[in-house]
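Okay, handing you the structure first.
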Amino acid sequence: MALLKTETLTKNFGGLTALSEVTIEFRPGEILGIIGPNGAGKSTLVNVLAGVFYPTAGRIWFEGRDITNQPPHQRFRLGIGRTFQLMRPLHHLSLIENIMVGALFGRGLTQKNARREASLMAAFMGLTGLDRDMTKLTALEIKKMEVARALVARPKVLFLDEVMAGLNADEITEMIGLVRKLQSQGLTIGVIEHVMRVIKELTDRVVVLDWGQVLAEGPYEEVSNDPRVISAYLGEDE
Amino acid sequence: MKKGAFITILAAVLALVLWSVGPAAAAEPIKLGAVLPLGDITGDQASKAMKLAVKEINQAGGLLGRPVELIVVDDEMKPEKGAAALEKLATVDKADVFIGGMASGVHMGQIPILKKYQKVTVWIGAASSKCEEALEGADWYFHLHPWDYQQGASYLEGWTAINQKYPQIKMDKWFMAYEEGAFGTASFKGQQALFKDYVTEGESFKSAAVGGGDYRPLLRHAKEAKPDVFIWVGYGADALPIMEQAKEIGFAPPIFLGSPPGWPPDFGKSPLAEGVYAYGMWAPSIKEVSPVSKHFWDAYLKEFNEEPVTYFCALGYINVMFLAEGIKKAGTLDAAALVKALEQTEYVSPVGETLKIAPSKVIKHQGFTKQKILQWQKGAQQVIWPFEFATAEPMYPFPAWDKR
Amino acid sequence: MNKAVKSLILLAVLVLLAALPFYAGAYPLSLANTIMIFMVLALSWDMLLRSGQLSFGIAGFFGVGGYAAVLSQVFGGINPLLTILLAALTAGLMALILGLVVLQLRGLYFAIVTLALAEIFRVIVTNIPDLTGGHEGTILKSAIFAGHTYKTYWLVLAIAVGGIVASEVFQRSRLYFALTSIRNDELVAKSSGINVFKYLVIAFSITAAIQGLVGGAYAQIYGFVSPEGSFSVNFTLLPLAMAVFGGMSRTWGPVVGAVLLGLASEILKLYIPYGHLIVYGVIIVAAILFLPEGVVGLISKHVLRRS
Amino acid sequence: MRGAEKKRSGDLMTVQWLNKRRLALAALYLGLAVILAWWRPYVLVEGVQRSCLYAMIALPMALILGVLGIINLAHGEFMMLGAYLAYWFNVRAGLDPLLAALPLLLVFFILGLATYVSTIKHVLAAEELIQLLLTFGLGLVISQMVNLIWTSQPRKVQLDYVSASAAVGGFSFGTFEFIYVGAAVLVLIGLLLFMKYTRTGQAATAVGQNPRGAALVGIDVDRTYLMVFSISVALVGAMGALFMTRHSIFPAVGGSFTLKSFCLVAMAGMGNLSGILWCSLILGLAENLVLSIRGYSGWADIIFFALIGLVIIIRSRQRQST
């Protein structure tokens, strides 16, 4: 059965409809790609799943229980982690402290344990110089930190919202390696990406969103040859 | 790191504290420690008047063969600052006597300190009887300013007297407009308590001094009430606007009476001022009937080339002079002797009355008990009552706006 | 500088301060009282600020505390020291209840509503004269400890130390992580398992309780409460200025700011008796322009540079 | 940069529910107007006059907030200083305050330039509260300076025309304060036209919505800030002259107007100029209504703050739903 699934999920902002009747599911251990042109509703979907926005209609199920009305911090504790489209470091906190936040409040660890867990996680992500403050970090390091901040809470599903954006080819390769490693440890991952290479190399399945609706669903090769997708999406991309 | 920095700072700060503790040199002169709100015109002029008095005393050879020194500390109109000021005067400056005073609110915070030192204190401010209650049994404490209830009583006395002397002046129906702060509400309570034989309606307003300034709704109510006497209790800031807005809606009661602590300096210049009655302890015109007042007026004008605009100015002068009389009488600064001397001192003051000490409701040593009833005539405040200081006949009724 | 030395010095300082009555006169003591009272207010304001919430309502809870203390003694005959704790409790509870609504707001809107709250407290207090004595306020038969200088000082010192400790707890406990995250990025905070609303309510209530405590102590020390006095805007503005001058978001900033500005205004008035407040204003402006990090921030920077 | 985003979202907010609110206010206002007209005409007349006094003082503050994104807590103090200068001109040179308003525009424009360059400029990037504190400090400096020069003694010029009045049927009312209505409307329209048709104004609008974007398209952001701030200060300074024709002035007189303007601006929403007029009308009328009921005048303030609180809570709901 699905780890996380949505049921005719709809979200309106004032007049415009960002998501309409989106029904998708995340199967345990898979990497699901979520793609679509700009403004298709990808980030909105993540935000609704993470609880930042509450849906206008529809329901969300996680491990068989209805979490539609759960606040974001609850969902994080339940095991839904995410990164952000724009980099959002907590700039008054050091690198290690940024990561600790996830452990402190995601798992309710004590500071001592949280620090230990955080440094382990940082090592796993290949982050060093843990006492630096965020202004000193490169884009890649901040992205890694955000992943670490989510992972340190031991999530069951992790959303990576354009985590590759702004990285160069080598860095992307490194990131892909990391995500693979995570999957191998049984983590379910949702990848929102513009970089087609990532989707292609990484995902088991892809969901294509357009104007807030599910346009197509299936393995990358399939959907990438779907004429509707091409017209709606690939045409727009390069 | 931060802590490290902090230590350095704290050390420095500590040094500062200790330095500011520095022992005060033993004092040759007699030290009068005054606490006044120097940012406010009342405290400003009162402190200047005190300086004037001290100057005159020293020119006359000082007291007990010693020069007199005046130390004024600002209370910034804050209770804790007023209290700290007394502590400083007592410990750092080693003042022999406490004088000064203005706001009741500040004084309340000072009373515990006064009680602690029990120095002879001659106070010219704080009319609130709350302060009096707090000072029960403090026989080292002399209070020159009338308490709120005494002011009320003297108004009643005055108006009754006027009514007897001038039967045509009616005053059966009163309407009091009072500012919504402590000053106004206390006055209204007093009025209701004392003017029992008269009808008194009342309504509060927000003084311009605290951001108000629109009196028209109020004045309309007053107009509907058709009172014989309309009195407003507020601040100087309200004076002219009230007249303007009264004229605007055509409100001209037979007696138009205002009682701010101080009138705007140029209020008299306004044609709207003509015929307005006022309460006050002192008016420039008193110099016509009192030589002491004349002397005070001229000397102050000469010294600071500004006119005294608030009666606290006169009170400041009285504060020092009265004390000086007492010290001369006592021939010593010993508290017990000085208190005894002050009890017997009689001082012919610039406000007209001769200042003598008598018990009031709660405390043993109360100075003035009377306010005066004044009237603006031809740009100057004239004394109408008490009659012994009268400088003009009452103008009645208040001239209608279109008949000016 | 290692921990042992640091704590040793702090201890020494504490002892020095505790012993102040034995080598300082009454005036320095009362000055110290004033400074420490404003110091704790500044700290409490800063503690809430660390969550990014700017409050203009200090005077409000300060006044509520004052009234709670005085009235509970006058009508309840409760021991003065207890009334001070009661004051803290009252203010804290009110903040807790109000917080449930007010903490929906952020930034400018939160600031202005706290300002309005303080004003509303004042108006309500003045309009129930039977209980509060209305505009004239209520006086106590005698100040706490019958105005005994030493005891009063030690009480205030204890409160000041308490305030500093509370602030340090805020800086070292998980509260620090929660509040800082909220201040930096609320979205990240709640997406990282932080119950934003809960932590804001906690911070708001605790800081309000502290302000109530100080208000209660103040009322007990000076022996009276009155709307104009107890809700005076000074109790909002001066602590604010002190925290900024000393340096925000750190314990020692408000502390040092309070000491420096407190002494400055007191010393200034000896040399400029008329209108020294203008200098006070200049200090604030200058501090913000030239010491954005505050005095402590500046100095710790230099210390950092050296080491 | 955080400031920029804040402002942009702020504008979205206002745009989104401007119409809804407009309608609500219009209805409320008309309702009040009709009731009052036959019940207590003077509440209507004097309420409108009072409202416009608030509005004309609050408008420049709204402009600064809308463009620079800072609240100027020295706002009322500038007004107070303007009032004192007008008073001084009047005493020294016998210049009529209403005429004094013109030279004051220039004087305060320059003062505005000086203030911006020497202080405001340097805190634009800083946190909101730093800006609040700086301007608070400025206010303290101004009011204390005035206190040193003119003392705390309240002052009021003698002007016969301020108590001019007219009578319709039995009810006579003051006519002079209609200049506040005139001033408020004039300032509002003036500012709207300025924002729409002048280069600086258009620049200001752009900058207000997104400083970085504006900079990218080659707008001199700093200069725009400079102009807008100076113009606002010039306006509020001149308003001081109109204010003191009718009110006593003293060093602390400005403070309460800072607060009132602050509240009005917060109610109207970021950079929403015409909203100021609407909110002022509601507030002024409500206040005068309460004042007109005998024995309840003490509660006028509660009305004021209750309204503020209410509107702001509503606004926050609006914001959350988006």
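Order of writing sets the labels: A, B, C and D. Residues in every chain begin at 1.
Here is the rule we use: contacts are C-beta pairs under 8 Å (C-beta built on N, C-alpha and C of every residue); 3 or more make two chains touch, one makes a residue touch a chain.
Just so we're clear, the structure is a prediction, and the values are computed from it rather than from any experiment.
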Taking each chain's centre as the average of its Cα atoms, which chain lies closest to the overall Cα centroid? C
Which chains, taken as a pair, are joined by the highest number of C-beta contacts? B-C
Relative to chain D, chain with the most remote C-alpha centre: A
Go ahead and note the Å separation of the Cα centroids belonging to chain A and chain D. 47
Using Cα averages as centroids, what's the distance between chain C and chain D in whole Å? 32
Could you state the distance in Å from the CA-based centre of chain B to that of chain D? 37
When you check chain D against every other chain, which residues touch at least two of them? 147, 259, 298, 301
Please output the residue numbers of chain C that touch at least 2 other chains, ranges allowed. 126, 274-275, 277
Chain D contacts chain C in the complex at 6, 71, 119, 122-123, 126, 128-130, 132-134, 136-141, 144-145, 147-148, 259, 262-263, 266, 298-299, 301-302, 305-306, 308-309, 312-313, 315-317, 320
Residues of chain C that touch chain B when the two form their complex: 1, 6, 9-10, 13, 16, 20, 23-34, 37, 126, 133-137, 139, 142-143, 147, 149, 218, 221-224, 226-229, 232, 234, 250, 252, 255-256, 259-260, 263, 266-267, 269, 273-277, 295-296, 299-300, 302-304, 307
Footprint of chain D on chain C - complex, ascending: 49, 54, 101, 104-109, 111-113, 115-116, 119-120, 123, 126-127, 237, 240-241, 244, 274-275, 277-278, 280-282, 284-285, 288-289, 292
Which part of chain C faces chain A closely enough to touch in the complex? 173-174, 177-178, 180-181, 183-185, 187-196, 249
In the complex, chain D touches chain B at residues 42-43, 46, 50, 147, 151-156, 158, 160, 162-165, 172-174, 176, 246-248, 250, 252-253, 255-257, 259-260, 288, 291-292, 294-295, 297-298, 300-301
